[in-house]
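One structure coming up, written as structure tokens, with questions to follow.
First chain written, first letter: the chains are A, B and C, and each begins at residue 1.
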Amino acid sequence: MPETKENSVSTIDPAACAPEWTEILKRMIFIRRFEEATEREFRRGKIGGYLHVYIGQEGVASGIITATRDRDVVFSGYRDHAHAILRGTDPNRIMAELFGKASGVSKGKGGSMHLFDVEHGFYGGYGIVGGHLTLAAGAAYALRYQGTDRICVCYFGDGAMNIGSFHEAMNMAGLWGNQGLCPILFVIENNGYAMGTSVERHSALTDLVTRVRAYNIPGEKVDGQDVFAVRGAADRVIGQIRETGKPYCLEAVTYRFSGHGAADILQPYRSKDEVEQHRHRDPIIILRNRLREICGVTDEDVRKMDEEANERVAAAVKFAEESPVPGGTELFTDVVAEHGPRQINQTE
Amino acid sequence: MAEVIMPKVGDAMTEGKVVRWYKKAGEAVKKGEPLLEIETDKVNLDVEAEQDGTLAAVTVEAGQTVPVGNVLASVLAPGEKAPPAAKAAAAPKKPEVSEPEKGQQRRRTDKKDSIKHTTGEYQEAIEQQGLRKDRTAAPSANVVALPEGGRRRSSPLARRMARDLGVPLEAVQGSGPQGRVIAKDVQNFRGAAEAQPAAAAPRASRVSAAPLMSTLPALEAKLVPLSAMRRTIAKRLAESTGPIPHFYLTADYDVTNLLSFREQVNAIEGIKTSVNDYIVRAVALALHHHPYVNASWGDDGISLHGEVHIGIAVSTPEGLITPVVRNADQKSIREIGDEVRALAEKARNRKLLPNEYQGSTFTISNLGAWGIEEFTAIINPPNAAILAIGAVESRPVVIERQVAVRERMKITMSCDHRVVDGAAGAEFLKTLRQYLEQPLRLIV
Amino acid sequence: MAEKSYRDAIREAMIEEMDRDPNVLIMGEDIGVYEGTFRITAGMLKKYGSKRVIDTPIAEAGMAGTAVGMAMLGLRPIVEMMTMNFAIVAADQILNHAAKVRYFSGGQVDVPMVIRGPQGAGVQLSAQHSQTFEAFYGHFPGLAVVAPATPADAKGMLKTAVRGKDPVIFLESAALYGMKGEVPEDPDFTVPFGESRVAREGSDVTIVSYGRMLQLSLVAAEKLSKEEGIEAEVIDLRSIRPLDLVPTYASVARTHRAVVVQEQWKPFGAAAEIAASITEEMFDELDAPVARVTGEDVPMPYARNLELLATPHEPQIIGAVRRVMYRE
């Protein structure tokens, strides 16, 4: 296995108190407050386009991304705010992106669905369901090809498993993995629904992770609402991926408390009751209760975390609100690196 | 306090209507309880209270449609006092929000009907952080430079019309971009040419009443390509004497007959014509015989103008200006006179429009009224020549070995040597003599 | 006649055709239980059951491809793409299969299917979700491609599409779903493909468009009339393939100038085809180059101000008209 010059992340013992756990709780609370703020700003008309929030699913990305290294890379779909935050992207710049401002991570050109922060190993934010799976497999190949021990983590929803590119990506990753050339962790964020279609109604086989095994990719299910379980699994399999260069798949069973997108108001596909039931398994509450037991975290501690998160989010909203919109000529930059439009069509 | 706003509940929603309030101001509300019903173009929905408290400050009534994000009311927490109304809160903000407010106003012109007008918002985007160049402007026209001395630009329709009407396209002044000849130009050109036969009818009928007009064959306009020799001569002449190589020819005319003809006309017609009117007409007719005098020098050729537009130098308090009598060869002496006087009047009142002082093909400067016997004038580019008209003087002359007193007038012609050679200029002055000394020619 | 929205006109056309012909069915993502993201299919699952209103997985290639098979065996599937952007995933099924099986089978099979869905920019959906596709599909023989601009055309043309024998790409303008207009009640009201219409009469300049840009052109034409005394004739192409330019030619023969308006990128777009055809057929009638009004040649940005700058607006149409009229 190639030599590493990178920082390493220690695995944590789920049974014992460790400072990382409180850190993860803080992050999860922050993500929750951040997402609530984005929904609020969408209602106010400050955020345009599609807005998909991560409320209810925080445990999944938190448990896994905290187990990755700085130079590992992450790909995600459009439900991508938490992933960017966890990779260390400045929340100000994320919020500014959602507001369509020049100070946004993608200069205001991408919006909610296309967050991007290469400096922090976050390779986006994609809007076509399943479209990024092949990209991630290629990225993993590149990492090994270049002789590094970096790995790639690719997130996608249960619904994405039904599109052709999923199967093509899995088979290629499995094939390359046979040669130790595809260090990738596929994470199925199984929140029970693809928009308004439940897993039972969209997948012939509802035990999703078994579908991955058909491509010679090992995998397991994990309780996505229990960040201890997620982090535990992540610690274990990430090391193994790094070691072997073979892909692995985690199916994190989770639930989204909000609508599919901010415009999914009526939610005719599920009852309020169903949502209420799942709120009992709020990943933040589960973690908080656990930390009360093992670390003696108090309500006051949590209140403080909440307050801090609220302040930080308010600052991000303020930053976004006060940032200027992109200059008009930004329209024409970043289209291609070298071969611009034909002169006759050019602005200047 | 929690604000109740018009929430955006659809990706394309920009405004919503308050259908009805379930609660009145002052009523207690519970978190999650519906406060009001709203309507979007897709659905009707209830907006719920976000906290326990009392509904207050309901500012938007049922039936009203407001933009997304607008505050509709607020919910006060138990024990909380209503803030001194939204107005007070908005007041100090006023000066700093003027910019967005301006945008809001502009946007109000964007009717939110099904066509989704965003013109106001678009203008705002341009003003706010616009493009360096206005994208509504024409794309740059010249991607590939046309070869020098290349063909004149013209639209396909203009070419077809020119072909059908037998109009020489090279003679038509193009009014489109880069001088492109467009249909209108051909029409105008043709109109001028046609004015002859077509207008001849009314004029003919007027002949009896005002027999001051003769009809002429159409002039041919064309571009004469420069021969190598012509080019060289032009260049050398220009080098020696400045951009326009001038030379001067002076002729002395006997205008006795002209003056008596004028007197008769004035008496018969009961009008006032001036000598200058006769000169303009005479020059216009003479130009018909000498297209090279009614011409312009250009790098790609000498343009022979298909029309005769005579500029008349008029002095005004501000200086010299030359109003133009268009198609002077098609106009009667009386028409010329009327027009010159109207134009001169306008010139002195500084009311001339550009099209009234631009586009001459030949110019006349007359200092006779100042008693100037003889002078030279500077060519008015792009004309190829100018006439300097001196005063009419009674002078003794020898006619058939007898001394007689005749009315004489000296005319000096300044010529652009690149276009007009000495002999050509002399020929022109000779033709002019026929018209000035035998004035009946002016009307036959 | 009754006043109906573009959205309702589409739903009605599908309901009437499903009532008329048991071989008609509809499939797509979230069209049944969810009732459609744009609520076009509201109530249809209840009415026809899950055999005729099929909620599919997220599998555009699967939807389009199975529809081809269904059509070859005599069904008349309507595939709803949640937006036409997702149909790119099914490009092979549509372009290489639906469009070609009739030809390479020597005419042994009909492929009576419709792929319909919304397209267009305007609500900050950024680069992957804001495109329009008439040039993309219009390029391929074997397809019919239509882009109705009014509720009546939406209904009448969808019925023609369902009743036909060929694969039809039915491009709806998301921005027009709420637009109301008179729609004939006759259940056999259809609008044939390949018949463009004069949407507004005028004698000074010809504006050619379709879909939402047609509506924008009409607004611009009214403004031109009011503010500049220019009377624009506005032609609604309605279908891109087959393309009927005869009324356009007739109009250009009178006005001698044309402006073509499209939402998407300029290079190789529908407007390029139309402008070239006008030039080929009506060259001697033109008194000015045919002008094109198009979106900017960039992927759609998210920021509101940039999106506005990237898409055509009235001022561009008015500017182009003034230009071809030599009014500037």
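Methods note: a contact is a pair of C-beta atoms (placed from the backbone, for glycine too) under 8 Å apart; a residue touches a chain by one contact, two chains touch by 3 or more.
On a predicted model such as this, the values are computed, not experimentally measured, just so you know.
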item	value
Comparison of B-C and A-C (more C-beta pairs in contact)	A-C
Central chain (by mean CA position)	C
Chain A-chain B separation of Cα centroids, rounded to whole Å	63
Chain centre separation in whole Å, for chain C relative to chain A (CA means)	36
Where chain B and chain C are represented by their mean Cα positions, the distance between them in whole Å	42
Contacts with two or more other chains, residues of chain B listed in rising order	11, 43, 125-126, 128-131, 135
Contacts with 2+ other chains: residues of chain C	123, 125, 296, 304-306, 309
Touching two or more other chains - residues of chain A	49-50, 325-326, 328, 331, 345
Contact footprint of chain C on chain A as seen in their complex	48-50, 97, 100-101, 104, 106, 108-111, 113-114, 126-131, 159-160, 162-165, 194-197, 201-203, 268-269, 325-326, 328, 330-332, 335, 341-342, 345
In the complex with chain A, residue positions of chain B that touch it	5, 7-11, 13-14, 43, 45, 67-69, 125-126, 128-133, 135, 139-140, 143
Sites on chain C touched by chain B in the complex	5-6, 38-39, 122-123, 125, 174-180, 212, 215-216, 219, 256, 283-288, 296, 304-306, 308-309, 313-316, 318-319, 323, 326, 328
Complex interface listing, chain B residues touching chain C	11-12, 41-43, 113-119, 121-126, 128-131, 135-138, 155-160, 175-177, 182-184
Chain C residues touching chain A - in the complex, by the definition given at the top	29-30, 33-35, 37, 55-62, 85-86, 88-89, 123-129, 266-267, 296-299, 301-306, 309-310
